[in-house]
Every structure is written in C-alpha cells, then in structure tokens.
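Quick one: the structure is below, questions incoming.
We call the chains A, B, C and D, going by the order they appear; numbering starts again at 1 in every chain.
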Amino acid sequence: MKKLMRGLRQFQENYVPAHKKLMSSLAKGQSPNALFITCSDSRVQPELITQAELGELFVIRNAGNIVPPFGATNGGEGATIEYAVKSLNVDHIIVCGHSSCGAMKGLLQIGKLEEKMPLVYNWLIHTEATRQLVEDNYSDLEKTDKLDMLVAENVLTQIENLRTYPAVRSMLHRGNLSLHGWIYNIHDGRILAYDAERHAFVPPFEDPGKEFSHGNGASQMPGEDRLARQQAQRIFKGSY
Amino acid sequence: MKKLMRGLRQFQENYVPAHKKLMSSLAKGQSPNALFITCSDSRVQPELITQAELGELFVIRNAGNIVPPFGATNGGEGATIEYAVKSLNVDHIIVCGHSSCGAMKGLLQIGKLEEKMPLVYNWLIHTEATRQLVEDNYSDLEKTDKLDMLVAENVLTQIENLRTYPAVRSMLHRGNLSLHGWIYNIHDGRILAYDAERHAFVPPFEDPGKEFSHGNGASQMPGEDRLARQQAQRIFKGSY
Amino acid sequence: MKKLMRGLRQFQENYVPAHKKLMSSLAKGQSPNALFITCSDSRVQPELITQAELGELFVIRNAGNIVPPFGATNGGEGATIEYAVKSLNVDHIIVCGHSSCGAMKGLLQIGKLEEKMPLVYNWLIHTEATRQLVEDNYSDLEKTDKLDMLVAENVLTQIENLRTYPAVRSMLHRGNLSLHGWIYNIHDGRILAYDAERHAFVPPFEDPGKEFSHGNGASQMPGEDRLARQQAQRIFKGSY
Amino acid sequence: MKKLMRGLRQFQENYVPAHKKLMSSLAKGQSPNALFITCSDSRVQPELITQAELGELFVIRNAGNIVPPFGATNGGEGATIEYAVKSLNVDHIIVCGHSSCGAMKGLLQIGKLEEKMPLVYNWLIHTEATRQLVEDNYSDLEKTDKLDMLVAENVLTQIENLRTYPAVRSMLHRGNLSLHGWIYNIHDGRILAYDAERHAFVPPFEDPGKEFSHGNGASQMPGEDRLARQQAQRIFKGSY
C-alpha cells in the first residue's frame, strides 16, 4: 500500500502538471475510439501495451477476458459493452487474451474448481465452448500446448459471444464496428492478431527489431519452439 | 486503430527491451498485492494513477465500478474477486470511483434507461442502494452535487457488497485483507480515500505542491467550489 | 391438531376478552417498532422471549434466520424487509440466531444435503460466507464448538447482507435505523447481543439473578463450559 | 428497544425458571407437530393464537404468508418447507392469512408498488393467481369486501402452491401430511378454517361464548355485516 501511495504522489507531482491541458479537455467528456476487453491479470496493462493516452481506451477487465453470451448473466460485461457501443459509439472492440492465463489454466482442470472456487467455476461455464472445442479436437496435445490453444480459442469464443449482443449486431450490420481478437505474450510483449482471411493469429505488423524476431512473421506463434511448424500453424488457425 | 498499432510497436521497441528482466520474471507467475476495481471510463487508468509496474495490480473494470452483492449475478465480478482473494491472496481491495462517471449519470435518470439501454438499466439495479440513499436524503441537491454524492456513496455501496462474498468475509475475519474506497478526480488527478473513523473521504496523504492544494486537506472535497464548506463535509461523510 | 384447537379456544376464551381494547386499537393499523428476523425453529418464540404484546414485533422466520444479499433471490425476505422499513418505518432490525440451529448443523455437512434436501442446500448458499469463514479459520474446533461459531458468525453475515438492501442502506445513512445481532440460547433462555465496539457477543444487560449467572457477564458465552475462557472469547469476537 | 430489554429480563426472571424442565428437554431436539405459515404482521402471533408451548410450532413468516410455487424462487420458504417435511416430519401445514393484511392491500393497488416498493411488487407476483381470480370474478365488490376476498383466496392459492413442492406432494400421497387454510381476524381473534367439503371457510369448532357469537357458525364470515348472506357465503366458498 505504501508503494501505491508513493505512486499516487508521483503521478500528481509528475504526470498531472505535464498533462493539464489533456486532463482539462477530458473533464468535458470522453470519446474513446475502442473498447478493450482483457484479463484482470496484473501482467497485462492495456494502456501500456498500446501506449494509449488517457481518454483513448474504454476497458473491461475480468478473469479470462470472457464475454458471456447475451442473456446468460446480468453482470457488468453486457452493460459495459452496451454503453460503449450505444452511448460512446466506439469503432472497435478488441478482445485480448494472453499467454499463461490463470483462468484458462482453470479450464484445463475445471473439475477441481467446483468446490474450491465455485464462482470461478460458474464463470468459466460461459466459455465452456472453448473447453469443449479443445477437448474434442486437441485432447492429445501436451498441457502447455493445450493451454496455448485454450487461450487462442477463448478469444475467438468471446468474439462469437460479442456478436450475440443486440447493440453489437446492429452496429456490425451497419458497418460501423469492427471486432478484433488479440493474444498478448506476457514473456516478450508481442501481440498476435486474428486474421479471419488467413484463419490464423498473426503479427499485426512487421516485427520491428531482430531482438524479438526469428526472421519471419510466423515465428511469433506461441508453441513454435515446442511444436512442429505445421502443428503450430494448425493450432493458430483457430475455429473460424 | 492505426494509433494503437503505432503504440504496440513503440511498446515493443522501447518498453520491452528496457524491462526484459521484469517480464521474464513475471512469466513465471504473478503475485499482485492489490485488487483494483474501477470504472471502464477511458479517463481512468489504474496503473497510471498509481504508477504501478507490470505485475502489481490485479484489475476489474466495468461501467460504474460496481460489485453486485454475492449471489445477485453470475457475471465476472464475483469470480474475479474470488480468484484474487483465494488464489492470489491479495492483501488489499480498492474500489475506485471517479468524478463525472457516466454510469452514475445514468443512475440520475434511471427511468430513461430501461428502454434505451436495458442492459445498463439492469446492471445499475445492483447499485440501487446508492440511488435510493441519495434520492431519500439529498433530493434537494443540484444535479452536479447530486452526481458527486452518487459517486461517493456508490463506492461505499460496493464496499458493503464486497463484504457479502464468502472469500472476502473469511479473509477480513482473519485480518488478512483490507478494503479501501477511493474517488479519483478526472480533472486534476487527485484521489480521496474513505476514512472510516472520520466518516469522510479525505486525501490519503499531505498534498504535495501548492499547484493542487488550497491550503488544507479538506479542500480536496469534490463540490467544494459549488457547496458551502459544511455542506460539502456533510456530503462526504458517507453512510458508514 | 386437537391441542391446537384447544389452544384456539383458550385464546378466545381467556386472552381476547382481556385484551379487547388493544385488539380494537390494532385493528385500525399496526406500527411495530422492530423487525425481528429469527429461525423457524419451534423452540424460538420471538414474542415470548421479548414478552412482546400484539402489535410490537414485525417478524420474519425462516430456516436459519438467513437474509439473502440484495438481488440474490426473489423470495419473501427482501420484500418483507422493504415493507418493514419503507412502509412501517421500523427503528430496529434484530437478527436473532439460536444455539443448536438445525440449519447451521446442515452447514456443517453441506455436501450431504445437495441430493437429500436440494432446497435447503440452495438456501444455505446464501450464508456460504459463514461456512467458509468458519472452515478457513476454525477448522480445528470440535463439532459442538464449530456449531456455536457458525451460529454466531451466521448472525453477523446476515447483518452484512442486510446492509446491501437499498431501503436499509438509506435509513442507516439517515440514522433512523439500528441493526442488532442476537444469539438465543435455547437451553437457558439467555440472549447475547453483538457489541460492535467490543467486537463480541455480550449480555445486553446485567444478569438478573444468580440462578442463571456465573458471577460475571462474560460467563454467558456459549461454549464456555467446554472451551477455555480465552478461546470462547476469541470465538465470539466475530469478524467485524 | 428499552421495552424489549425489559421483556428479555422478565422472560428470564419469570418464564425460564418456571419452564426449566421443558427447556432442558427441548435442548436435546425439537419435534414440532405442525408447520405454521403466517404473515409477518405484528398483530398475528401464531403461538399466542394457538396457545402453543415452546417446541410445538415450526413457523414461517413473511409478508402476506405467501409460498412461491416450487422453482419460482430460491428464497427461504421452499427450503424451510422441505426441512419441516423431510427432516422434522411434521403432520400438518397450516397457512394462516389474516384480515386487514397489508400485502393484500398492496395487491389491490399493485401498479403503484412497482416503483415505490419494487421488492414487494416482485414478491406479490407469486400470488398473482389470487389477484387475477378476484379481478376476473369479483371486480364489482367494494374495496373492503374485495380485500376480504383477496385474503381468503390468497390462503387457497398458497395451499395450491404448497402442493407443487416435491416433498409435500410425496407426503400427501402417502397420507402422512394434512394441509390447512386458516383466516385470523385481527379484530376479535377468531379463526376460520377452510372446509374443503363445504367449500367454505368455517369456524373450526363451536364458538365458545355468546360474546363473540351471533348464534350460528356462519356468522363468523368476514363481510357478513356488509354483504348479503348469500354473497358472503359465495365469497367464502373459495376457489376449490
């Protein structure tokens, strides 16, 4: 708590005086361009990853970046999506999963959760489609690869779930909204974005420096070190 | 979207190389000290406000920083709280509201929302205690002051709601968990923290510089410019 | 049933003629001063325990004197609380648990209930906070002491749950409502009341006669006969 | 509260010493013969009305003595009924309504409740069958008579609802359980019991004294002073 207090002070001493104009302007109202849905995980900071300024990202964060299908719950996700789309008119919704996700690890051993963490257990039912897809089609994968697969498929499940919301569906129909699926690698900070045409998660731009590049785009696929190239590709084709 | 892509690239070119050690270490696991529950509003960035590093804050964000009472919903809030408390053993839970909150504005005119934004309407029922308290006790306030009041009381409502969660109640009993209520002022970046003994929202530390100080602690009360001093004090006494 | 019929007749022959004035007056309307929430247990009679006349106590009784958190159910508890606070303007709400409570015994062996008594099982989920607190913190207690602990903590859980109701929160804010936690000992008829300042359940007044007194106030703690004095004190400190 | 404290003391000074044997015996366990379901109204004291001793009546009390149909809610009513029938093996369930019931008055003007007392509104939906029956068949009655009718029909609705509970249905089938519908008159303390064969609410025994008798059994019908005899009879024939 002391460190947080020190942080608050630093923020007020350094950041605020340097951004008075921006903050004054934002006090009149926000008009973020994107709704960013990601995990509560402390290693994922949406505004840091995207270097977003105050006012740029409207953010939902929960365990597992899950969006329950419309009507399945009366929690905050649906209300916040509705507000973002209908009141703020965001142009983009990004669902961003991440490697080593604790919620996805829970999905791997869902049976143990029912008694120990009943609320987490009930919550993960909203992404049961992910669990079953991976169980049905990739049950032979090793645990680490299966986890990568769950992370990737979970992002696509939430994109589908997003489509079930009336406000989202209406805006998509109008062509005023784009949905994006991302995976963030907590180890090296790289992002993979789902490419519907190529049915694969791919780097959203040319990799900047050699330090994190292995010479070609596909090298960013999680699991590449452990999996045969073809297998890794298959994994990241996703279920679309 | 272009700006976000540029941000991703900057993050990888600048931040990542400079934080390789931290990121490698975090790849092994997270152990955040606090669960930070705040609004989806794009003008509130928890890690910026607290200058938190990767790995320090576990974060829930939804419209209005609302925590439905235990059992009232099967949304992500309860599951994420349970995970934070039982699996990550966080020591602190901070509920952080903010000035000019759109969800609280919705609460001011809840009747209009039922048809226009039904999910937001249903979501705000979880903080009906806030609406009713302000309506019953401060119906004579002007709109801006009433909004400040709603923001403050809403934070306290969520603290009450947090206490109904089994995992939270058990850890509170053990003395291993502290609950904190904060209000963030989007205009000047100042934080007020709820002080249960004084029954008031007060600055959590001495104000650093004169630029943001009016000479004494109580001056940070939202609404002070518009309200008589005594009235502002009464408002921020909260309902504890 | 014959005994009940005999009772009805006695009531009409003896009580009614002697209380004609009171009953006539009450026929015009009720204005009870307190809402008394207690268990359905046949050994707990709220009006007998408090020697309350007709018209004095508004009463909720269910298995385990449980108050589900606001929004967690659409049963009678919330509606009756709302009516008591908003329409009858009661000044006090008393939650009164009791020793040897069958519902709390059920909580001790919750696993066996799911199949055998599914409605009881689902009902006890509303006081899961009690079960978890005791399991996490007092798993080493013997069964009888654990039961005493569950009874005491259950009362405090319901006080927490009460605070989530909009009508209750608003009246608490105004200072027009007090919440009380009591434990009734079915063996000797003694009451312990929760004292928030001392964080303990204590006798609400000096014990009247030596027949039920052990010479000092703290002796009324349930479990004192079985537990070391310090242990009994620790138990009844509760989680506030 | 002072009066309650005085009552507690009187109870301990007078009642407890005179009933030590009974209380000691009951501390070993309860075996009530009947489940008594009645209103929270302060003017209705089930144990006083029936002159029941400690240990004789298992009691549910809520606003309007309503029993939601099986599956309609996860509140305390169903759980308490299940416990009474399956664990305590009660032989009788009595649903006891009463004259001038506030919940039934609410049913008369249900439209006004939705905003003012939303929880009461939602609760009364469980007895919508009562409202609709009276609206459809007795819309021409004056307000007072309609209220009497609602009270009577509400008792019968709850008897029907009781029959929807698995545990109740099974015991009824076995012949081990009887259901009773009573109406308590708060003005003169008289009880009317539903007689299924005569399709009418009638006094459960010969009226004891002339003070409360008008010379024949049917005279106890509420509304007799105001209604034609035939009309009153029709009203109290109920809907069975």
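We adopt the following convention: contacts are C-beta pairs under 8 Å (C-beta built on N, C-alpha and C of every residue); 3 or more make two chains touch, one makes a residue touch a chain.
Because the structure is a prediction, the values reported are computed rather than measured.
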For chain B and chain D, chains touching each: C
Chain labels contacting chain A and also chain B: none
Chain of greatest Cα-centre distance to chain C: A
Chain A onto chain C, rotation angle from CA fit, given as a multiple of 5 degrees: 115
Equivalent interface positions on chain C and chain D, same or different at half: same
Interchain centroid distance [CA atoms averaged], chain A/chain C, Å: 47
Whole-Å gap between the CA centroids of chain C and chain D: 22
CA centroid of chain A to CA centroid of chain D, Å: 55
Centre-to-centre distance between chain C and chain B (centres being mean Cα positions), rounded to whole Å: 34
Overlap residues in chain C, where contacts from two or more other chains coincide: 68, 72-73
Graph class of chain-chain contacts, one of line, ring, star, complete, other: line
Interchain contacts, given as pairs of chains that touch: A-B, B-C, C-D
Interfacial residue positions of chain B with respect to chain C in the complex: 68-73, 125-126, 128-129, 131-133, 135-137, 153, 157, 160-161, 163-174, 238-239
Residues of chain A defined as touching chain B within the complex: 1, 3-13, 15-17, 23-24, 26-27, 29-30, 32-35, 40-43, 45, 47-52, 54-64, 66, 68, 72-84, 86-87, 91-92, 94, 99-100, 102-103, 116-120, 122-124, 178, 186-191, 204-205, 208-209, 211-212
